[in-house]
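Okay, got some structures for you below.
In what follows, chain A forms one complex with chain B and a second complex with chain C.
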Partner chain A sequence: MKPISLKIKRQDGPNGRSYWQTFETPYRPFANVISCLQEIQKSPVTREGKKVPPVVWDCNCLEEVCGSCTMLVNGKVRQACTALIDNLEGPLTLEPMSKFPVVRDLQVDRSRMFENLKKTNSWIDIDGTHDIGEGPAIPDQDRATAYVLSECMTCGCCLEACPQFTLDNSFLGAATFSQVRLFNMHPTGATQKEKRLEAVMKEGGITDCGNAQVCVEVCPKKIPLTDSIAEMSRETSLLSIKKIFNS
Partner chain B sequence: MKFRIPDRYHFLLLKLHSLTGIVPVGLFLVVHLAFNSLRTVGASQYQFGIDIINNIPFLILIEVFGIYVPLLFHSAMGFYLTFLAKPNIKIYRYPRNALYTMQRVTGAIVFVFLVYHVGTTFVPKMFYGKHLFEAAPFLIDIMNQEFETWGGRLIYLIGIFSATFHFANGLWGFCVSWGLIVGRNAQRNAGFAFAFVGLVLTFWGVATVWEFSVNPVSVEPNM
Partner chain C sequence: MKKRNRKVIIIGGGLAGLAAAVRACELNMSVDMISYQPVKRSHSVCAQGGINGAMDTQGEGDSPEVHFYDTVKGGDFLAHQPLVRDMCHQAPAIIHLLDRMGVPFNRTSEGHLQFRRFGGTLFSRTAFAGATTGQQLVYALDEQVRKHESEGTVTKREWHEYLGAVVDDQGICRGATIHDLRTGKIFTLRGDAVILATGGPGNVYSRSTNSTVCTGAATTSAYLQGAKYANGEFIQIHPTAIPGADKLRLMSESARGEGGRIWVPRTPGDSRPPKEIPENERYYFLEENYPLFGNLVPRDVASREIYAVVYEQKMGIAGEAMVYLDLTHHRKEYLEDKLGGILDIYRKFTGQDPSETPMKIFPAVHYSMGGLWVDYEDDGHGMIDQNSVRNQMTSIKGLYAAGEADYQYHGANRLGANSLLSCIYSGLLVGRAAFNYSKSMDVASEDISSSVYEGEETIWNNRFEGMKRMNGKENPYSLHSELGELLLENVLIVRENSKLSSTLEKLEEIESRFKDVKCLDTTHWSNPMPSFINQLRCMIQLSKIITKGALLRNEFRGAHYKPEFDLQQPKNFDPHEYIDYLERTHYEEVNDSDFPEGHLDYMKRFQANNEKWLKTTIAQFKNNGPEITYDEVNTSLITPRPRKYD
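Our next item is the complex of A and B:
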């Protein structure tokens, strides 16, 4: 079998310039992008025979539930662990995500996603200095909906593929709106409903969605992100109308 | 330092951008195409339509505050939003992403077309001081000239298609961003419904262009 050829976009540090290097590794059945990167790491020599520093990348679970190995494989965003070589067209190109600051090579800093969760109060406040007791029961149907939303692993695919999300703007993005919906659905979380809605009614909030709906197409967890966005659009529209008459 | 809208106006301005696209700008487009399509019935019916409009009380106020101001606001916001966007249809080839890109492209085309359209109709009308009953034959003459060549017809066909597409797709965008259609099926079905609306409007416009092109008729002032 032909060796697997990988063209990798590299960058030595956060402020460094990016450059391309091509590596070759022997074909192996059932190989994925991560296993190829591990092969290269054993002996980081380019196709031209030049010895180079090993390629840096992020990965953890290797079963598409942690989201840390998200990168551009052949130009499109996805998790490297489930990118099976047999299903891909070669020669392969690997790039870091373009909408997050690069740390090194294929490793990016996705902390903006965590910051967005903090900005929108995307958690459920529980006991303070005193026990506030058990929460109310949640109907099965709501629980099923919430479960799907809770599968978000903040991998960043939806943001990378979003034409409204850029490296230098403040757009919160599909993942955040979906989490706001999740925590507003929860009976205890709903006590902070308006606070969360107000957080997505600023610059970078729900109005900045352009409805290109690429987010839902690329989401590896098949989360109904566009439903979440439209639902948040409805809630914020209603809140703004309510405020005209009630404030 | 890049220009940015202050947080407390951001939500309001973007909602107004969405709303003004439907009312009054979109509504005006429908009324405009409807009145112009009277030309397909006959030149005198078309003249009658223009006369009705020219006799609307406070017409200049309606034109300025009901059409020009909202249209300029919608356009200014539209260009501002378009320059912030990073279309990626070449990489992520999905139908909705194509419509997203088309919405921005057609918006820009309509704006350029409107500069031309207002420049060749409304501006000469103002310049020559034509008003009320005199305006109809004057405008009909202008339109006959516009549709004499294939170049002129093409400009109008592109302008009409861009406007109807932008409006029909904008109706869908409006319904999503105000939360009227939330679920995936609802959004898909509404997409087909609005595509039909767009086709009807396009047919309306093209029929009018056709009539002007194949059957130019001059009319006398209807006193």
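Our next item is the complex of A and C:
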């Protein structure tokens, strides 16, 4: 079999300039992008024979539940672990995500996503960790809806694809809106519903969504992000109306 | 007097670390949380099937005491019993806590928690959120920690690595040495206590079900600093994983909990597609050999059976090292709801749909029952004194461990869905222990001389400078693969002393080759290479603990299987006979004729073996390797007896 050819966009640091290097690794059945990068670590030599530092990337679980290894594979944002070589057109190109600051090579800094979860109170306020009895009974169909939303691994695919989300604006983005929907749905979470909605109504909030609908197409967990966005629009509109009547 | 700020440093943000942080915050401690990566991406997310807690919601007669018995028996009686008992009694409250935090546990028609069956028990006591329970539990605890973070009580330092404990001249841990993985800067943190919640060491085997961060480096570092490491040789091999070059991906036990069946074609080498092989030509070997527990025998038993079918009976699928895990008798909708997460993984990595074609699976390294030795204090009534500062403390005062990093809860073999429980139980326990310890300190950490910290910082700076200068011939990643292959071949399911002693020699060779490693990247920004070289150094030392422990333990217990020392339980043996035998020996002479033929002999062998080997293995770092001794196990509540699952 022909060796696997990988053209990789590299960058030495946040302020460095990017450059491309091409590597070749032997073909192996069931190889994925991560296993190819691991091969490069064992022999970090470019196709032209130049010895270089191994490529740097993030990964952890290698089974698409941690969200770490998100990058652009052949221009498409996805997790590199489930990117099987046999299913991809070669030569492969690997690039870091473009909507987050590059740390080094394929590593990016997605801390903005976690900050957004703080801004929106994305948690359930509990009384404490002590034995204070059962949680609320929840219909299984509500659980099923919540479960799908709760599979979000904060990978950032939806934000990479979103035309509204840029490196330097304050747009919260689909992942955050969907988490707000998740916590607002929960019987205990609903006690803080308005607080979360108010965060979503600020600058960078739900009204900035351009309705491009690409987020839902790239989500590796098939989370119905556009439904979440619609639900957030509805809830925030209701809150605005309520505020008018209460003022 | 101003109340002083009590600070705990928690290393690792998986379930144990997050639980410890939440508890510590509740007790008004301030928390420094150190993690390689955003804690939401910790390895605990890989846990799939569920979390155990006996609530008997299906009227089967389950109770925390039965859960306790199943866990102790599943672990072949090597776990300290008061701890296991306390954990099992707190399990329902822990599940309710997680439920209150918003974990989307599957529900009954009335909207209550639903439970399913798991291995090593006959009761439905596993609560679950689809087949991504670990992920859901991490997220719920991560959200609670984020709340505390936004309130300023938790300081997260993600993209940081723990290098070692700062230990003063009295041998007390006063903080930690930390490595910033972006800037490469090494610095120390002061803290009243340090908690290692750093998970397991699966990557010592190179290929396992573990995530890439699971190197065991932090626990090994503590061992190299003098902490005791216990039961290292007890490595769980999970029976069902997808074979792979970079990772062996877990296929949860919940697949069997939901009725999944293990089989191979009766005719060796039968190459027909599985659906074309009629029922009577399939060998459901677990169901046939273990009629009572069937496909839900404990993991050590299932892995040994699969091994025997493949390597002794040569009955692997089409002659290869694989067996079928079959769910095709279920409706697709049912499978998607209960097991969607793991079926997706199978589909994505093999291209086949498990609802249509049986999965091909094989055992893989999964979990370490062993870990850092930690203390506990029982309350004299078979439970744990929740307020003891000794709970979860390693043999270095002030240094704690919890979760897979400790050794206490699973004995010689862990039951499925008990790991999430032990992580959270020990996390909550250690949070309180660290708080009480902080209150009891004679000298606060802020009053310790800064020279203690500076000294440790210098040691690590010099060590890392040295590693960066390494310019030999060995590629560290290739050497790591070799280390893993060596262990996979010799220290896995079936263990033989000749192979173990030659492995120990080969480990010395690998260690000397390690000195000839080349640091391929000497830049100063976000350079993972010096870290990896340090982790490899630790992995080599940890391999010695595992291998030497396995070599010296001349018996067959739980996951540690040496055929040479199998006591050969008679086929028709009933474990109650052994209890009967023990009672009778107290007041009368027992004769062969009192028991079925061969049984008395077997029971005498069993008793003698327990007297010698029912002990905790303790490894201590001496002369560049582990010195092994043995400690008593607390078996005060349930009399150890032969295990039986058929």
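Keep this in mind: the second predicted complex is superposed on the first by the 239 of 247 C-alpha atoms of A that agree within 3 Å, B and C clash if a C-alpha of one lies under 4 Å from a C-alpha of the other, contacts with A are read in each partner's own complex, and residues count from 1 in each chain.
As a convention for this text, a residue touches a chain if its C-beta (ideal position, glycine included) is under 8 Å from a C-beta of that chain, and two chains touch if they have at least 3 such contacts.
Remember, predicted model here, so these are calculated numbers, not experimental data.
Looking at the shared chain after the overlay, A:63 reaches chain C, while chain B stays out of its contact range. Looking at the shared chain after the overlay, A:173 reaches neither chain B nor chain C. Of the two partner chains placed by superposition, A:96 touches none, neither chain B nor chain C. Touched residues of chain A, counted separately for chain B and chain C, are more numerous for C. Using the contact criterion defined above for the overlaid structures, shared-chain residue A:163 touches chain B, although it does not reach chain C. In the superposed model, A:235 makes contact with chain B only, not with chain C.
Looking at the shared chain after the overlay, A:211 reaches chain B, while chain C stays out of its contact range. Annotation: chain A has no residue touching chain B in one complex and chain C in the other.
Residue ranges of chain A in contact with chain C, taken from their complex: 12-13, 28, 30-32, 34-35, 38, 41-44, 53-54, 56, 58-68, 82, 84, 87, 103-104, 107, 110-111, 114, 117-118, 121-129, 131-135, 137-140, 143-144, 146-147, 150-151, 153-154, 183, 186, 188-189. On chain C, the positions that touch chain A within their shared complex are 22-23, 26, 37-38, 40-43, 45-46, 90, 93, 96-97, 99-102, 104-112, 114, 129-130, 132, 135-136, 139-140, 143-144, 146-147, 149-150, 158, 182, 211-213, 244-247, 249-250, 337, 341, 344-345, 348-351, 428, 475, 477-478, 481, 520-521, 523, 525-529.
Across the interface of their complex, chain A is touched by residues 4-5, 7, 10-12, 14-15, 18, 81, 84-88, 91-92, 94, 96-97, 100-101, 172-173, 176-184, 187 of chain B. On chain A, the positions that touch chain B within their shared complex are 75-76, 161, 163-164, 166, 169, 201-203, 205, 207-214, 217-218, 224, 226-227, 229-238, 240.
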